[in-house]
Amino acid sequence: MTATVYAAVDAQTLADAVGLGAIYALMAVGIGLVFGVLRLVNFAYGQLIMAGAYTLAFTAHWRVVWSIVACFVVVVALSLLMDRAVFRPLRGASPAVMLVTTFAIAFMLQAIALLVDIRDDTIGEIATSIAPLNQPTTIQGVDVRKITIVAVVVAAVSLALVALLLLRTTIGLHMRAASADFGTARLLGVRANRVIAFAVLLSGLLAAIVSVMLTVQFPFVGPDFALRDTIVVLVGVVVGGIDRLWTATLGGFAIGFTTGVINGALPTEQTVFLPSAVFALVILVLLLRPAGLFAWGRGAVERV
Amino acid sequence: MADAPALSIRDLEVRYGAVPAVRNLSLDVGKGEIVGLIGPNGAGKSTTLHAIMGLVSARSGIVKLDGHPVLGRKPESIAHRGMALVPEGRRIYGDFTVEENLRLGLAARRGRYGKDVLAGAYELFPVLRDFRKRQAGVLSGGQQQQLAIARALVAQPDVLLLDEPSLGLAPSLVDDVFAALAEIREGGFAVLLVEQRAQRTVALADRTHVLSNGELRLTLGPDDAGDTEKMVAAYFA
Amino acid sequence: MRRLLEPVVQFLAPALLVVGVGIGSTLVSSSNEIYFLNALVSVAIVVAIYVFIGNSGVLSFGQMSFVAVGAFAAGILTIPLESKTGVLPELFPLLRDHTIGNVASLLLGAAAGGAFALIVGLPLMRLSGLAAGIATFAVLEVTHNILREWTKIGPGATTLSLVPETTDAVQATVGALVVIAAALAYQRSRLGRRLRASREDPAAARGVGVNVHRERLWAFTVSGALAGFAGALLVHLLGSITTEQVYLELTFLTLAMLVIGGLTSLWGAVVGALVVSALDSFLIEAEQGVDLGISLDLPQGTRLIFLGAIMALVLIVRPSGLTGGREFRLTR
């Protein structure tokens, strides 16, 4: 069995897995940033990515550059709107209420997308302009799709920039303080609304980046675009450890990479029970380390 | 308005639900003054500070900072107007460096500042300079208290509120804290000091109010520090 | 006298609503009857879910697994023997060669749901908060995956049909009443009270000797059994079932019902289920064109928008739900 798996995990699969892990890592940061300052798990994060994908599809007849700009504008605007209309009134609510409300928003946005989409009597739009990036190129005899390289590079650069922002700038310091202890931060003069808006903005930018990269690989856009991915990333984030940004990111990457490897290694007939195996593993990890796989120290300290 | 006290409180009332925690509280703190607030546990001392700082909402009353009313505003706004609180238990960011903790204090600072803005803090508490790149969590209790005070001072507030700074500290460290407070008074700050150590507070402060069951019972001067009878009577009034 | 009256009132209030809906179902046209009966089955499902979430304060996304297990168990074992081998050729012999009656299938649903919940709950009840949410969601995913792919225990991805449609007005009403009574009995018992104490303040509860893990497990198991029972009611109402019908959308819908009604009370669960069912039914009709004086014709798929929007609005404006999360009382 192991021999079969080994043989199947070729460089192509590894490359794809790293690419997927990179994208999931960005999503994890987007989710983690908002959780840090608001203690809110945004189930509707995937809908931001979906909105970006639809924008790319609807502007497919524009020049690529402008299409991507439009995508960014729409996603960031939607993200800020979500904060204003949903997150702000929910501040101070119980975690259960917050969870269920974003769940509701997620369903609502999906349904709105369906309404908009179905006006041409088909579900799904195709983002044709940026699909060419999905072409393979050969590096040292291995077929790698251009988008995989782009994804990894973009993700690495984005993560580095975010890290730089958080560690070296004043607003980054304020955000970290707000995530660790918001009450004391406000005492010291850190402006709550500003920090939250910044986190939401950053989160939106990352969603837009992910939107572009996913749409290149999966140009067929439907209302459930990125839904599966968001659920998987959420699971990865909690398994990795949602309390700290780096453990959340690592969790996102890990689950993306693992999914990519397993999907590529096993033949299709054997993958029907894959979700069960993965989720059973998730349960196991959460039982052993409820605070997260990568969280150190006191072990089962529940934050939420 | 030159003679208006830096901090002025009139008829402050704070309730937790139906229970009044603080009633009819009035006091002033002027520049270059330390005003003490002592009393038994549960008397409402911390609540008073929290209400002034906007962390809990007050039923009624007036709080003026340099003549401007601030009751009911958000904590960060009050901080920006020139009031700083050193909270009970210090609330240091243990995972951040000492320098980062101090830089956080700059969030409320008004006006411009240069690169060596933290020099004053390092001068007042030299140990912080030695540890400035280390994680704040490795500092001892006494050093963390110094960091908490320095962090508040870095914002250059007009009024400094302290909530039991000597809590959990060894006697020699308590000396350091009280000495630092005397220096801070020299610097022209208006200080409202909530403390458990009644005698030392009465000795240090320009005047000390005794709070019991949410109400001000008595005001003591430094000369009363040796008068045990008076202090006991005040506590159990 | 007041003490004796309280449980009676707390039962009668939701019971009267339920009976009212049951009677109503017999009075309307047969095309509208389904909405009423659906509402009653929804009450059963939502109350079952409430038994765990409302009493423990732990948010579980996996309760639908037990509804699914109950529905499929009851469904598979009530399909007429002659048709079974043709429709479900790959079944285990135990399932293929036996058929049971209506009431037996309801009890089987409860047993299956309860047993599954007990097994799952034993390890999982140690978790709280976000970890519990994700772990229970994982249970839902595993259940859905296995039911969908393992053709030896069920129809897999195809629809399970030919199930006798025995959930009429009487069965639906009685079924809902049974679930309500069981839920009330549980929450008023010592077990239920101990669990509610742990919901308010886990540390304090432990301090007075409450074994939080064990109390949660009790609630989880009872909830699972009631959910399985409700699942059996469901499959006998529809006459068929697919894995997608007891998966994410129904999870969302029932959670919405519970939250809108009021997360922490039985009264809230019942009110929420009925109100949202009514709303949902109306929206389904509106999607096909309805006449309210002005003609209302909503495009397909809008009902989820409205439900989502209303749910979010209620949560923002009145987080404790329509009933404020309290049981029904006669006096103010």
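The chains carry the letters A, B and C, assigned in the order they are written, with residues numbered from 1 in each.
One rule holds for everything that comes next: a contact is a pair of C-beta atoms (placed from the backbone, for glycine too) under 8 Å apart; a residue touches a chain by one contact, two chains touch by 3 or more.
Because the structure is a prediction, the values reported are computed rather than measured.
Q: Which chains lie in contact with each of chain A and chain B?
A: Both-contact set = empty.
Q: Would you identify the chain whose Cα-based centre sits farthest away from the centre of chain A?
A: B
Q: Chain A to chain B: how many Å between their CA centres?
A: Here chain A and chain B have centroids separated by 44 Å.
Q: Cα centroid separation between chain A and chain C, in whole Å?
A: Chain centres of chain A and chain C, defined by C-alpha means, are spaced 32 Å apart.
Q: What's the distance between the Cα centroids of chain B and chain C, rounded to whole Å?
A: Whole-Å distance between the two chain centres: 55.
Q: What are the residue numbers in chain B that touch two or more other chains?
A: Answer for chain B, listing residues that touch two or more other chains: there are none.
Q: Among the residues of chain C, pick out those that touch two or more other chains and give their numbers.
A: Nothing qualifies.
Q: Residue numbers in chain A touching 2 or more other chains?
A: Touching at least two other chains: none.
Q: Taking the touch rule as given, give the residues of chain B at its contact with chain A in the complex, in rising order.
A: 53, 55, 74-76, 79-80, 84-85, 87, 91, 93, 95-96, 100, 103-109, 151-152, 155
Q: If you look only at chain A, which of its residues touch chain C in the complex?
A: 41, 86, 89-90, 93-97, 99-101, 103-112, 114-115, 118, 234-235, 238-239, 242, 272-273, 275-276, 279-280, 282-283, 286-287, 290-291, 302-304
Q: What part of chain C is in contact with chain A in the complex they form?
A: Residue positions touching the partner: 57, 59, 123-124, 126-131, 133-135, 137-139, 141-142, 144-146, 149, 252, 255-256, 259, 263, 299-305, 307-309, 311-312, 315-316, 319.
Q: Which residues of chain A touch chain B in their complex?
A: Checking each residue of chain A against chain B gives 170, 173-174, 176-177, 180-181, 183-192.
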